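Pasting the structures here.
In what follows, subunit A forms one complex with subunit B and a second complex with subunit C.
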Partner chain A sequence: MLDTPGRQIEMAEKYISRSSEIASRLLGGEVMIMSTADSTFFTLNEVASAIWQAADGCTPLSEIVADKICREFDVDREQAQRGAERFVDELSQHGILLVSDQPLWLAVESQ
Partner chain B sequence: MSLLAEMNQKALKLGVPLSVHFDITYRCNERCVHCYLDHDDHGEMTTAEITDVLAQLADAGVFFLSLSGGEVLMRRDFFEIVERARQLLFNVKVKTNGVMIHEKEAARLRQLGVEQIQISVYSHRPEVHDAITKLPGSLKRTIRAIRFLKSQGLKVTIANVLMAGNFADQPGVIALARDLGVAYTLDPTITPKMDGDRSILALRIPGSELKQVFHNPELVGDVEEFCAPPPAPGEDIMEGFPCSAGHTGCYISPYGDVFPCVQFPLPSGNVRRQKFLDIWRHSSQLKEVRSIRAKDLTVCSGCAHVGTCTRCPGLAYMEGSMRGPSTADCEKSFQRTGIPSANMLRRTRADFAAPLIQIQSFASSTGNQPFSGEDSILPC
Partner chain C sequence: MTTLPSTAEETVSIEIGGMPIAMRTHDPSFRRLIENRYAGFVGTSPHSQLEFDIDLYEPSDAASARDDIDDELEVKIEAGEWLLRRGDFRARWSPEASRGHIRQSPSPYAIDAVLRIVHSLVLARQGGFLVHAASAIRNGKAFLFSGISGAGKTTISRLAPPDTTLLTDEISYVRRQGNRYLACGTPFAGELARVGENQSAPLSALFLLEKGLQNRIEPVGATEAVQRLLRNILFFADDPALVELVFQSACEFASLVPIRRLVFVPDQRVWDIIC
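Up next, the complex of A and B:
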């Protein structure tokens, strides 16, 4: 992936998908989520909501950051990527976001 | 403020119906003595109608969906409805008596991601529970269902409706919940029947027993705080809404009728004739409910309890006015704090103003049980 023009960063791509073990709804531009497994309740700000809604399992996270975050919000790409990685790590730890290094339908097929 | 409370505030500001209580049937396999429903099927919505309503609710922003009845499992398409609701990403809570839940049904509820199951238990003793449900063997089947649900890792809550006939068994139900590893909630509210028949209100627990409930730390936590005299209401209280009915939540019947709340039988529209969002946004009844502030309440606005009372506008409506007092809640405030409500004081004064003796010929009286009146348990 490209960080700044002319500089290549080697990083494994991530693909993210929403778990089916959740309830969620968009309320005034922000997503609220409840884990049906342990009833933990989350609310996402507008940036995180944009990542959540784009988490289709086949769009690389870097592309989501470029297309949905940097283009829509006034934020530096490197900073946005770091924030997105932290967000993905946190939600995946709660089991409400699934993460893979390949598109998730491929991950399911290969199982 | 909790995240949920913040979302609720946001929904209120945006006019979003965050919660819907949806009775998908009034049919039931039990005949509970206190039930307010007519269990005959007068034309329930079809599976297609219900799934269409669910899609409309999702579009309207509904997040919390309670599926209830009647007994929800009396519908053969119950799991189809839950499956559709979960596809639409609702947080689904199911209210049931559990009698029809076996291992297979419990596994399906888990698989579908139902967040919570609430099961009615009236006593830990079969002779008391089954006498209330009028279904022999029901307690045994209900407890078996709870075990199946628990074994699937589902969150189960026992709901214990308290009446004069089962009040003494309430500690036994708490112990049962503890043994089963499930949550416990109690509810002393008995509401009139849907047809207006108020005779079942005689089942309400007397005030002295309500007082015991409110002064039990196992049930209310910090008794001193829970039973503290109400603080003087500020402007924020007087400008506030009585409850969430019609503001961030509403109720839909199996026939498609929309009401502000399950306990507030003010017909506000029907989803068979109108889109849900049209009803939610434009119903004159819902608009009227939303227009009421605490300062507009005819008696309660002058009551010491106005800021802390659990006053139910639906019960008040059933007593005659949605802006009036709810006697059952006056009783709760009184038993909690020892301070009579404005409504109680008004009624006491009215009693003294009335003739001290009234004579009516026996032939002209309508009832033959002079002490079975609904208000006989109330001191006001």
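Up next, the complex of A and C:
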């Protein structure tokens, strides 16, 4: 990720996975999610829906941004990465997305 | 307390949405109260899908009876049995045995609440639901008019033309049947204080009510439709599996039944655009 032109910042990679405590559904091109723990309801726009659908626990977030967001939605990579990080933070705070700095199957095995 | 064996004469079958529920009580005056309150929904079928034995208790005074109704409702499943509890009733029900027991004050509100909860739990497993909505049949088609208190459910019901059959002005019963939905009449009345007709018809549309300056129908996006529908579905249980069922039912419903916004003035002409 770049903060100023030409300066590379190393950031820990993130791996994201959908929580099992949710119900979700794609309808009219948008994903709707309901937490089965507290019935909180979320709707995701097209970009967020693409991240959600790619959240398999083993694809790095940066790769999701590059392959699914930048290519399909024609957005700048830096901007897309920032948006994706915000989205992931928000959903993880609600327990809707699980986040790890290693592939989630590894994280589960190491516990 | 010992429960004496009940006889057929002590049973009243209440049939809502085509589901007969047998209610047994030794108290003849309470039986008459049930028969009057649910007139039009008292079934004659000797077979019932669920059976409840009712034990009555007297609240200490009128004030405490009112407080009991305002108590928080608790609905949970334990060891395969549903437990329902509010100040004025305690009920348990085994879906596997299709039998249950209610201990309640002799108030009609208690049995009304139990019926709503039991139907909502049964419907959830069948892709249906109870929803805060008025509903009516016209020309063989059923329409739902959904909204929170004050949105106009009773108003739209009052304005219905004479060739309309009112199913309810308060709580609608939606049952899934293959790839369509049926709206069924309910005895759960709102401000009209009039029990709905015990009839059903295929559901044609759900209208989200909104009072305005002119009558018009507007499209509603899929996510808004589901969100608004979920807000109005009666949901009692603190149970993740049931939350998921209700969520999926709302999504299925929104994908099969047109959901529109009905902006209306309190005037009979609103019914001209409902079709």
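By our rule, the second predicted complex is superposed on the first by the 103 of 111 C-alpha atoms of A that agree within 3 Å, B and C clash if a C-alpha of one lies under 4 Å from a C-alpha of the other, contacts with A are read in each partner's own complex, and residues count from 1 in each chain.
In this section, a contact is a pair of C-beta atoms (placed from the backbone, for glycine too) under 8 Å apart; a residue touches a chain by one contact, two chains touch by 3 or more.
Note that the structure is predicted; figures quoted are calculated from it, not measured.
Of the partners subunit B and subunit C, which touch A:32 in the superposed model: first, second, both, neither?
A:32 contacts both subunit B and subunit C.
Is it subunit B or subunit C that touches the larger share of residues in subunit A?
So, of the two partners, B touches more residues of subunit A.
For subunit A, give the residues common to its interface with subunit B and its interface with subunit C.
21, 23, 25, 27-28, 30, 32, 34, 36-37, 39, 41, 43
Contact residues on subunit B for subunit A in the complex?
On the subunit B side, the touching residues are 3-4, 6-7, 10-11, 14, 16, 18, 58, 61-63, 86, 89-92, 113-116, 153, 155.
Which of the residues in subunit A come into contact with subunit B in the complex?
On the subunit A side, the touching residues are 20-28, 30, 32, 34, 36-37, 39, 41-43.
Name, in rising order, each residue of subunit C that touches subunit A in their complex.
221-223, 226-227, 230, 235, 240-241, 243-244, 247-248, 251, 254-255
Mind listing the subunit A positions that touch subunit C in their complex?
21, 23, 25, 27-28, 30, 32, 34-37, 39, 41, 43
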